[in-house]
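Each of the next two complexes has chain A plus one more chain, namely chain B in the first and chain C in the second.
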Partner chain A sequence: MLQFLQLIASGVAQGCIYGLIALGFVLIYKATETVNFAQGDLMMVGGFLGLTGTLALGLPFWAAFVAALAVMFFFGMALERAVLRPLLGQPAFTVVMATIGVGFLARGLVTMIPEWGTDTHVLPVPYKDEIVQVGGLVLSMEHLVVIAVTALLILGLYLLFKHTRIGIAMQATSQNQLAAFYMGIPVRRINMLIWGISAAVSACAGLLLAPITFVHANMGFIGLKAFPAAVVGGFGSIPGALVGGLIIGIVETLAGFYLPEGFKDIAAYIVVLVMLAVKPNGLFGENLRKKV
Partner chain B sequence: MADDVILQLNNVESAYGPVKAIRGVSLKVSQGSIVTVLGANGAGKSTILKTISGIIDPQKGSILYRNEPIQKKDPAWIVRQGIAHVPEGREIFPLLSVRENLIMGAYTRPMGEKAEVEREIEQVYGYFPILKERTGQPAGQLSGGQQQMLAISRALLAKPTIMLLDEPSLGLSPKLTHEIFEIIKRINAERGVTILLVEQNARVALKYADYGYVLEVGRIVMEDPCAVLREKEDVKEFYLGIKDSGVRGTRRWKKKKTWR
Partner chain C sequence: MRFLFKTAYQQDIRLFKHGGQAFWYSALGLALLAAPFVLPDYWVSQLNFIWIYSIVSVGLMILVGFTGQVSIGHAAFLAMGAYTEAYLQGHGWPFALSLTFSALVAGITGVIVGLPALRVKGMYLAIATMAFGFIVEEGIARADSITGGNAGRMLGSLEVFGIPIDSELRMYFLTLIVLALVVLGVMNLLRSPTGRAFVAIRDSEISAQSMGINLARYKTIAFALSAAITGLAGALYAHKLRFLSPDQFTFLQSIELLIILVVGGVGSIYGAIFGAAFWIVVQQLIVLAKDWLPPAIGQQTGLQPTIFGLILVAFVLFEPMGLYGRWLKVRTFFQLFPFYRKGMFRRQKSYMKSERLK
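Showing the complex of A and B:
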């Protein structure tokens, strides 16, 4: 039993990471109806920025953490402005291809930066190898930090979307872009902000993941597992992205322990297939069809 | 009519790609009046409103608001000048609550007016008490009529000088249509909001408006005070469906519109 709880705890931590990346997908999908396939790569760049902040600039970890989020926020906005906005009005396929291109570009460019390169790096964190004991349960501090920071971030986003005018305007824009134009909401600027937030959220996932795994140019491929998380939750639902992430994280961890080798990596996709067969809209999927 | 014109379109042409939707439309709206543009489906009525509010840029012509040209400006800027648009088919934000929808209507107003906006939300609830009952509900759950009320209220929150109404009667029962038009009339009378109304339902539009234009395939073919328009034979026959025919009746297929 204790072992089971232990696994759940690490599954939840892993799930938070997936959830955060999925959240990045969902934010952009809701706002602009495109899937940003560079989401995982934004996470990777965030991880490297944290690395540079702590090692090269010598900032304290949390300062580097916040700085990396801030840089990624502006990077996301710049990306929207430079790459996505010129494609406004083009078919979704074009936009998706552009994001895939951005992903490749990011992976390629990162390997050319001398300090970053193709190596795997360890992000030094102040809470490395610390352990918290609750009853008989042994929890690693790294996992607890992941869970706590995710919870904080979600709370922050909730307050933003529910209780600020700009947050409500972001929701409004994603629900009915034309009406937002009619109301005089600056739709383009709002989309840019969404990209910024999405990039910062991804970077947050990268910085939380870095101490558990490593920082390297291909760490963004974890995005491929966050994608099922978004689908399970119902693409387009913010709580869904997190719940989906948690489900994928827990299932994956349990599958890795109880099932034969190899199941860990395919568990996420099995969950998605089952979900698509049973409830194609996902757990929290909105049933609002587009009206003509 | 010519005095204190607040909005004036001069020879405006707009197109969707290669398709010309309006071809040289000129019209005037004077302060405090209710002006209607009548026309069938596809005549270009909505395009006129969209061009005024900056959603579509006109290819030719000018739009003067308080004697200043406003064509090709940003829609947000136009809303700030006091032109609010109630779009066709309501276009509410379905997952936001009724209240949040109203707050979005006031988006262009400065943050400092928060208390004032709160007060105005209450005033607007005075016009449409049902919205107050549903204040916390997602707007997508409202009925069609309630959504129309919400769309009008939302536009009012922008504190408009002139309100552009695009087919407020769309999909509503005759009774509800009259209720909504009564309130539009009240808004016009009590708040002095000028109204430019686009309608297919000529009967109700001519009843409530002061001045009317008839639009056909992108051109204004007739204009007059509504009292005059109501009596015109062509309008009666083609827009109101009334015929003063004799015992034998008019042979309809021989009847031609006189304005062509």
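Showing the complex of A and C:
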């Protein structure tokens, strides 16, 4: 029983990472109806920025954390301006291919930057290797930090979307771009902001993941597992992304322990196929019908 | 400038629309027949890759370019074809039979994967195919007894109707013949009611449906055909490489296939072949460039993905119709000379169409 709880706890932490990346997808999908295949690579860049902040610039960890988020925020906005905006209104497939191209570019360029390169790096964090015991349950500090920061971030985004003018404008844009445009909402600027926020969120995921795994150029591939998370939660639902991430994280951890070798890596994809067959709109997805 | 004045229905379904086309295609045909005798062996081998990739891209083009269904798991069908061929050949099946069977196995898998396509679409479908791709990749690595697992599987030497395919030259003609048959078949398919239905579904599902097209049926057919052709290419791929391992059929391979389509030009058979040729040539150029670039750049492991990314982004942004579109523009320029206008092929600005509604 204790072992089971232990597994659940590490599954939740892993799920939070998936949830955060999925959250990045969902933010962009809701606002611009683009699926961003470079989300995992944005996460990777975020991880490397944290690395540079702590090691090369000698900033304390939390300062480097915030700095990396800020840099990624502007990076996301610049990306939107340079690549995505010229494609506004183009078919989804075109835009998806553009983001795949950006992912390739990011992965290639990162290996060319000195100090970053193709090696795996360890991100030094102040809470490394600390553990907390809760009634026999051993929780590592790294996992707890992941859970806590995710909760804070979700709360922050919730407040942003519910209670600020800009958040409400974002909601309007995501519901109907044209109508929002008519209402005087600067849709393009909103899209740019959304990309910024989404890049910052995925950088956050990267920085939280870094102490658990390592920082390297291919860590972005974990982003592919966030697709199942987003679909399970219902693409386009913010709480759904988190719940989906948690489900995928827990299922994966349990599958890794109880099922034969090999199932851990594909558990997420089996879950998503089942989900698409049973409930294609996901747990929290909206079911809209087109009226002719 | 040439005006085609049609006086008979027969003219409409001719393979060559006019004498000029017939001339140039015959010239191309002769050049292709002569090429392997003139070129060094290495480049013949690269041409073989181009033909095989062209077959795959034509298969994927049916699905992505003509039916409008995105698949990010096509490497799985390639793997299905390749491993079926390897397995059957290992059991002594003759090539013609095992090739057909490889296409069949891939096609049937395509139907199974296509089933979610009946319920989900757009990005959901893309993710379903991606999930399928990952599961197949893992399955290949685990099914040691059939696929040789991560250690890989060797193929025996190939014999087609008693002729041993033991040189790149013979492989060249084998792949070229299969490609020619596939292209002719697909061209014929596209002007049949089935092909027209595909294009109608791509352009608007709702209008296709109201014209009496059974969406479920035609989407399944598209998936099956696309997968079967990819499987066919997979079988040839297996013989080309003589060695199969799971890391040849990864997610990245599927993405590369999509990049080939975008670079070549989505929505035309020419595009599929242009894209495949471009892809192989660029890879070779990168290898060549590595030797004379300064080592600081040439020895970078990230060089290849960077160049691929740049090419892809540049094509999406500046030449969305791909190489075929570029060719079309150049041709129109000369045909209409001096009346070509700059904006003739400009993309129409359109409002975002929501996929969230069904």
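Basically, the second predicted complex is superposed on the first by the 289 of 292 C-alpha atoms of A that agree within 3 Å, B and C clash if a C-alpha of one lies under 4 Å from a C-alpha of the other, contacts with A are read in each partner's own complex, and residues count from 1 in each chain.
Criterion: contacts are C-beta pairs under 8 Å (C-beta built on N, C-alpha and C of every residue); 3 or more make two chains touch, one makes a residue touch a chain.
A quick note: this is a predicted structure, and the numbers were derived from the prediction, not measured.
Placing chain B and chain C on a common chain A by superposition gives a fit, with no clash between them.
Legend: residue contacts after superposition of the two complexes on their common chain; A:59 is shown touching neither chain B nor chain C. Which of chain B and chain C touches more residues of chain A: that partner is C.
By the touch criterion defined above, A:283 lies against neither chain B nor chain C after alignment on the C-alpha atoms of chain A. Within the superposed three-chain model, A:172 lies in touch with chain B and out of touch with chain C [touch as defined at top].
When the two structures are aligned on the shared chain, A:70 is found in touch with neither chain B nor chain C.
In the superposed pair of complexes, A:141 makes contact with neither chain B nor chain C. When the shared chain is aligned, chain C comes close enough to touch A:97, but chain B does not. By the touch criterion defined above, A:186 reaches chain B but does not reach chain C. When both complexes are overlaid on chain A, the residue A:78 reaches neither chain B nor chain C. Least inter-chain distance for chain B and chain C in the combined superposition, rounded to the nearest angstrom, is 7, based on C-alpha atoms. Once both structures are placed on chain A, chain A residues 178, 286, 288 are touched by chain B and, in the other complex, by chain C.
Of all residues in chain A, only 29, 32-33, 35, 83, 86-94, 96-98, 100-112, 118, 177-178, 217, 224, 227-228, 231, 235-236, 262, 265-266, 268-270, 272-273, 276-277, 280, 286, 288-290, 292 touch chain C in the complex they form.
Only residues 165, 168-169, 171-172, 175-176, 178-186, 286, 288 of chain A touch chain B when the two sit together in their complex. Across the complex, chain A is touched by residues 64, 70, 116, 119-120, 122-124, 126-128, 130-132, 134-135, 138, 141-142, 206, 251, 255, 258-259, 262, 266, 300-313, 316-317, 320, 347, 349-358 of chain C. By the touch rule above, chain B contacts chain A in their complex via residues 53, 55, 75-80, 85, 87, 91-96, 100-101, 103-105, 107-108, 111, 140, 154, 158.
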